[in-house]
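In the two complexes that follow, chain A is the common piece, with chain B as its partner first and chain C second.
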Partner chain A sequence: MRDGLDHRQEINRMLKTIVRKELQENLYSYRFPLFAIICILLVPLGLYVNNLNYIKSVRDYNEQMRLADEAVASIQMQDVMAGKIAIKGFRPPALLSVFSQGFEGALPRFYEFTPDGYTPGESSSGEASILSVQGKIDFVFLIQMVLSLVGLLFASDVIAGEKESGTLRAMLSNSLPRDTILVGKITGGYLALWFPFIIAFLLGIVLLLVRAFPLFVGDTLARVLSVFLAASLFILIYFAIGSMISSSSSKTRTSLIVILLVWVSFQLVIPRVSDMAADVIYPIRTETQVSLEKSILAKSIDTETSRELGRRYVLIYGNEGSPGRGDKTTPEDVKWDAVKKEIESNARERKAQQVKQIDDAYGREKRIRQNIATNLSLFSPSAAFARLLADVCGTGEIARRKYGEAIKDHAQALDTALFSRAKRTIIALPGGKTSLSFSIQPIDVKALPKFTIAPTSLAEAFKEDWASLLSLAFWLIAPFAAAYVRFLRYDVR
Partner chain B sequence: MAMLNMVLKADDLSKRYEDGVLALDHLNLGVRPGEVYCLLGANGAGKTTTINLFLNFIPPTTGTCYIKGIDVTKDPLEAKKYVSFVSENVMLYGNFTARQNLEFFAKLGGKTNLAKEQYYQVMRRVSLQEKAFEQRVKTYSKGMRQKLGISIAIIKDAPAILLDEPTSGLDPKAAEEFLEILTELKSEGKAILMSTHDIFRAKEIGDRVGIMKEGRLVMERTREDLQFEDLVKIYIDYMKSEPLTA
Partner chain C sequence: MTWTIVRKEIIANLLSYKFFIAILLTTLLLFTSFFVLYKDYKGRLADYELVRAKPGEPIAVLPPNPLSIFAKGLDEAMTRSFEVSRIGIAVFAGQKSGNIIFAFFPTPDFVYIVKVVLSLVALLFGFDQVSREKESGVLRLMLSNSVSRAKILAGKWLGNFLSLSVPFLLVTLLGFALMNLDPGVSFPASSIGRFFLLVLTALIYIALFLSLGIFVSALTRRAASSLVILLLIWTVSVFVVPNLGTLLARQMVDVPSVKALSEKQDQVWTREVLELILESRAKNGRGTGDIAKNHFDAINRELNQMEEDYRNKFDRLVRLSKNINRLSPAASFVYASTELAGTGIGEESRLKENVLRYKDSVLPNLERGEKQAAAFAYRYRSVGQVLAQGGLFDLTWLVFFNILFFAMGYVAFVRYDVR
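Then we have the complex of A and B:
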C-alpha cells in the first residue's frame, strides 16, 4: 500500500518535471515568442474590429428600423393595392458575431414583403472588398486556421524531435514510464500554447468591455465562456493530432509533411468536398427553379379563378352583366358577393396550400442535402468546431433556419393583416373580355405584425449540434489513444 | 566465471531483429562492482545492441539482462533505478544551460531538492569550466557535452554505468580526462560497461576486455592477461578471421 502510494507520488513528481521542462523548452524556443506575438496581436485585434463592425451594424439597423416604421405609419391602401408598398423586415445583427461571423455577412439584412410574396434584400457583405472572399478574420477563423496549424507544428516534434536529438534515449534510461513521458510532454506542450491564448483572449475581452460590450447581459457571458472552452478544446485536439503523428514518425521532417497534409485535409479539403459530394449524392433544384414553379402555379390559379368568376358572373347577371350598384343592393349582388368571396377564398387557400407544398418539399430537399454535407464535413474537427461556435454565437445554421421561418411566418401574418385587405379581382368573362375590380378594407397600421426572429438558447445550440460535439470528442480521444499506443511501441533507438 | 555479485549481467542473451538479422548471439557476460568491462568490436558486432537490451530499449529474443539482480525485461522501471547511461553523442537540450540539463536529468533519476551548488560541484568534478555552468549547451563542444553527460551519470549515483562509445570523436586530452573520471567512478565501486572502438583506451582502463564479432563474444581477457598479450594483435586477428556464420 505504502509502496503503491510512493510510486504514485514518484510518477507525479516526474510528470511535473517533464511538464515544467516542456514549458521551459518551449519558452526558450524562437517559435514561442513568435506565436505569442501572433496570438496577442490577432485575437484582440480581430475582436476589436468585429465589435466596431457590430456597433456600426446596430446603428444601421436602428436607423433602418426607424425609417421602416415611418414608412409603415404612412401606408396608403391604394399604394398597397398598386403594389407600391413593400414592407421590410430587418434582421438584427447578432451580438456574438464579434466572435463568429458565421452567416452574418452572407444572409440578407432584410426581406421585402409584398402582396406577391417576399424577396431578399442585400446582404451585409455587399459592401465588402474583394479581399473578403478569402474569409473574414474573426475569432473562430483565427482559432480554426492559425492556432490549429500552430498547435500541429508545436506538436510535430513532441516525440520525433526528442528521438532525433537523442534526448528520448536519455530520458528513457531512467526509471520513467513511457506514458508519463507522453502525458507530460503533451500537457507541457499544450500549456505552452494555451497560456498565450488565454492572455490574448483576456486582452480581447478587456478591449470589448472598454467598448461597452454587454458581456454580463443575458446569457452572453455563458456563451463567451463556451466559446473560450470550445477554442481551448479545439487547440488541444490539434495538439493531440500532432502528437499522434509525431509518435508515429521517427523524423520531425516526416512528421511535418504529414501534419501539413492533415491540416490541409481538415481545413480545406473535407469541408469543401463534403459540399460537393452532397451535390452529387443528392442534387436539388435551384431557388430560381422553385420560384418559377411557384409563379407558374400562382398564375395558373389566378387564371382559373378569373375564369370561374367570369363564368359565375354570367350565370348570375347574364350576358349583359351587372347594371352597376346604386344605393340599393339587388339579390343578384348579394349572391355575386357571396360567390366571389367563396371563389376568391378557395383560390387563396388553394394557392397558399400548394405554394406551401412546394416550399415544404424544397425545404425538405435542402435539409437533406444540408444534412449530408454537414455530416460528411464532421469528419473534420475544424468543420465541427466552426459549426458549433457559429451556433453558440447565433450566426450559424440554427440562426439561418430561424430567420427563414420568421420570414415565412411574417409573410403570412402580413398577408392576413394587410395584403388580403386590399383585393384586386380580375374577372375573365366567357366572351374574352376582362373586368377589373378593387376592394379595400381599413387597416390599423399600429396593429401590423412586427418582424421578429425567435431567439436560440445556448442549450438549444448544444442540443442541435450534438453531432459536432461528438466529432470533437472523437478527435480529442482518438489521437490521444493512438499516440499512447504508438508511443508504447515506439522504437527509441 | 562466478556470476554472483554481478551488478550487470547478460545471461544467454540473443537478439534477432524483425528483418532477420541476428545482432546478438547467446551473450554471457557480467560486470562486478568497481570493475570496468570494455566491449570491443567492429560496427554491427552487437555492442550497442547489448546496451540497448540492458536499457530495455528493445526486448531480447532469448535470454535475460539483469541489473543488480533485477530482470530488466520483467521489471524495467525498477532495474533502471540502478543504471546510468552515457551515449556516444551525449544528447541534451540545447536551449537549456548545463545546470538546467543536469537538474532535469537528476530529477528524472530521482534526485530532487538539490541546491544549485550541488550541481556546480558535480560539474566541477568532471572539470567543466565554471563559466560554462550557466551557458546554453548548444554552444558546447563535444568534449564538454561528454563531461556533462558523465556528470548526469554521476549525479544519479547509480551502481551501474553503461557507456556507448563515449570517447568516440573526442580529442586525446578530452578522452584522457574522460578516462580519469571513469577511473574515479570505478574506485567508488561503480560497475561500468563500456562499448568502444578504442583498443588503447580499453587496455588502459578495462579490468576486463571482451571482443565481439557478429553478435558473439569471441574473446575475453582480464587486465592481468593483457600484461602478457598484445590486445591490438588479438583484435586484428579476430577481425581478420573467417566469418562465424555461413
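Then we have the complex of A and C:
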C-alpha cells in the first residue's frame, strides 16, 4: 500500500519534471519568441480594428435610424394612397462582432418594406467592402487560421523530435509509464502556447476597455469568457491532433508535412467541399428570383380582384351605372359596399396566404440546404469552432434566422398598421375601362411598429450548437486516445 | 549538368508522397472552387436577367463579370443596382448568390487558393531543398563533380518549379476549358487574354514562394527549423501585413462618417431654404421662380462638392492602404489579379464615377418629367489601361521579390557549409 503511494508520488514528481522541462525547452526555442510576438501583435490588433469598425457602424446606424424616423414622420397621405411608401428596417450592429464577424458584413443592413413586400438593401457599406478586398481579420479567424497552425507546429516534434535526438530512450529507461510522458509533454507544450495567448487576450481586452467597450453590461462578460474558453480549447484540440501525428511518425519532417496537409484540409477543403456538396445535393433558387415570384403573384391576384370587382359592379349598377355617388345612399350602394369589402378582404387573405406559402417553402429549402452544408462542415473542428463562436457573439446562423423572422413579422405588422389602411380599389369593367377609387382609414404615424430583432441568450446559442460542441469534443478526445495508443506502440529506437 | 539536376528533381518529386498529396489537394481545391464559383456565377446571371434595367429606366446595373469565377474581388459590390432619382442615387443589392456560406469563410476563388494554399505548397517544395540533401549527404557528392553551385541552385529551382507549375497549369486550363463548353457562360475574347495574364501572375507569385523556401532552406541547417521559420513568414505576409496596412491607413486618413456627411447636408439645406424664404419675402413674391432655382442649384453644387470631397479623402485612404499592404507580395498579388479580372478597387471606383456621370446626364431629363432615360453603358478598362494604372507596378514588384529571394538564396547557398 505504502509502496503504491510512493510510486504514485514518484510519478507525480516525474510528471511535474516533464512539464517543467517541456515548458523550458519551448521557452528557450527560437520559435517561441516568434510565436509570442505574432500572438501579442495580432490578437489585440484584430480586436482593435474590429472595434473601430463597430463604433463606426454604430454611428452610421444611429444616423440612418434618425433619417428613417424623419422620413416616417413626414409620410404624406397621398404617398400612402399611391402605394409609394417604403419604410426601412435597420439591423443594429452586433457588439461582439468585435470578436467574430460571422455574417455581420454579409447580411443586408436594412430591408425596405413596401406594400408589395420587402426587398433587401445593400449589405455592408461600400467603404468596408473595398477595404476588405484583402480579407477580414477577426479574433476567430486568427485563432482558427494562425493559432491552429502554430499549435500544430509546436506539437510536430513532441514525440518524433525527442526520438530523433535520442532523449526518448533515456527518458523511458526510468521507471516511468508512457502515458505519464505523453500527458506531461502535452501539458507542458500546451502551457507554452497558452501563456502567450492569454497575455495577448488580456491585452486585447484592456485595449477594448480603454476604448469604452461595455464589457460589464448584460451578459457580455459571460460571452467573452465563453469565447476565451472555446479558443483555449480549440488550441488544445490542434495541439492534440499535432501530437497524434507526431507520435505516428518517426521523423519530424514527415510529421510536419502531414500536419500541413491536415491543416489545409480542415481549414480550406472540408468547409468548401461541404458547401459544394450541399449545392449539388440540394440546389435552391436565389432570393431575387423568389421575391420576383412573389411580386408576380401579388400582381396577378390584384388584376384578378379588379376584374372580379368590375364584374360585380356591372351586376349591381348595370352597364351604365356611374361610379360617382350622389348625396343619398341608394340600396345599390349598400350592396356594393358589402360586396367590395368581401372581395377585397378575400383577395387580401388569399394574397397573404400564398405569399406566406412561397416564403415558407423557400425558407424550408434554405434551411435544409444550410443544414446539409453545416453538418458536413462539422467534420472539421475549425468550422465547428467558427460556427459556435459566431453564434455566441450574435453574428452567426441564429442571428441570421432571427433577422429573417423579424423581417417577416415586421412586414405583417406594417401591413396591418399602414399599408392595408390605404386601399386603392381598381375596378376593371368588362368594357375595358378601369376606374380607380380610394378609401383610407386614419393612420397614426407615431404608433407605427418599430423594427426589432429578438435577442438570443447565451444558453440558447449553446443549445442550438450542440452539433458543433459535439464535433469539438470528438476532436479533443479522439486525437488524445489515438496519440496514446500510437505512443504505446511507438518504437523509440 | 543543370538539366540532369532538373530531371533528378522532377523524378524525386514524382516519386515522393509529398508531391502526390500536394497535387491531389491542389487539384481538389481548384476544381471545387471552379465548380462552386461557376454555379455562383450562373445564379447571379439568372438574377441579373430579373433585375436588369427595363428600357427607359434610370437604373445602372452591370451583369456579373465572368472572370469573377476566378477572382471574385469586388464583383458583388460592382453588380449592385444604382437607381437614379431626383433625391440622389439609391443603392440596392444586385445579384446575390444564395450562397450565404461565403460570408462565413473567405470566398474560395482561384486567387484565394493561389494566395493561401499554393504559396504554402510552394514553400513545402522549397523548404528542404538544401538542408535535406545536406542531411542525407547527397549535396557533398554532387559538389564533388565539376558543377558550380549556381547551376545546382538553378537546376533545383527549375526542377521544382516545373513539377509544381505543370500540374497546376493543367488543372487550371482544364477547368477553364470545361467552363468554355457551357454556352451560358460566354467569356469574351478579351477576357481569355486576361485569364492567361491572371495565370501568369499566379505563376510569378508561386515562383516567389519557391525562391523564398530555397533561400531559407540555405540559411538553416535542419529542414524542420527551416519549415517553422517559413511558416511564420508565410503567416505574416499572407494574413498579417495585408490587414495591417488598412489599419495604419485608417489611423492616418480621417474619412468622415455617414453621420457627419448627412449633418452637413442638412445644414446646407436649412441654410439655403431659409435664405430662399427671406429673399422671396423681401421681393414680395415677384420673380421667386428664379430665386428658388438659384438656391436649389446652390444646394446641388454644394452637395456634389461634398460628395467629391468625401471621395477624394476615401481615395487617399485606399491608395495609402494599398501602398502599405504592398509590402507583402500576397497583397500585391491580390491587387494585380483582381484588377486584371476587372473586379479590383480601381475598376470599382471607375464604375462609381461613371454612375455619377450617368446621374448627371439623366437627371435633367428626369426633372423635365421625361419618362425615358438613356440606358447605362459601361466598358471595362482594357488590359493596357489596367497595366498602366498600377497593374504593371504590382507585376514588377512581384518579379522583384522573385529576383531578390533568388539572389539571396544564391548568396546563402554559396556560403553554405555542405559537410
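In this section, the second predicted complex is superposed on the first by the 482 of 493 C-alpha atoms of A that agree within 3 Å, B and C clash if a C-alpha of one lies under 4 Å from a C-alpha of the other, contacts with A are read in each partner's own complex, and residues count from 1 in each chain.
Assume a residue touches a chain if its C-beta (ideal position, glycine included) is under 8 Å from a C-beta of that chain, and two chains touch if they have at least 3 such contacts.
Keep in mind that what you see is a predicted model, and the values were worked out from it rather than measured.
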Once chain A of both complexes is superposed, is A:165 in touch with chain B (first), chain C (second), both, or neither? first
Of the two partners chain B and chain C, indicate the one touching more residues belonging to chain A. C
With the two complexes superposed on chain A, say which partner A:28 touches: chain B (first), chain C (second), both, or neither. first
Which superposed partner A:14 touches (first chain B, second chain C, both, neither): first
Partner chain(s) touched by A:189 [first = chain B, second = chain C, both, neither]: neither
For A:89, using the defined touch cut-off, is the partner it touches chain B, chain C, both, or neither? Pick first, second, both or neither. neither
Residue numbers on chain B that touch chain A, as the complex places them: 52, 55, 57-58, 77-78, 80-81, 83-85, 87, 89-96, 100, 104-105, 107-110, 112, 152, 156, 162
Which of the residues in chain A end up touching chain C in this complex? 30-31, 34-35, 38, 41-42, 45-46, 48-49, 52, 56, 59-60, 62-64, 67, 102-103, 105-108, 119-123, 125-127, 129-131, 133-137, 142, 145-146, 149, 153, 156-157, 161, 252-253, 256-257, 260-261, 264-265, 268-269, 271-273, 275-276, 278-279, 283-289, 292, 366, 370, 373, 383, 386-387, 390, 400
Across the complex, what residues on chain C touch chain A? 18, 21-22, 25, 28-29, 32-33, 35-36, 39, 43-44, 46-47, 50-51, 73-74, 76-77, 80, 91-93, 95-106, 108, 112-113, 116-117, 120, 124, 128, 132, 223-225, 227-229, 231-232, 235-236, 239-240, 242-244, 246-247, 250, 255, 257-259, 262, 314, 317-318, 321, 325, 331, 334-335, 338, 344-345, 348-349
Enumerate the contact residues on chain A facing chain B in the complex. 10, 13-14, 17-18, 21, 24-25, 28-29, 165-167, 169-177, 491-493
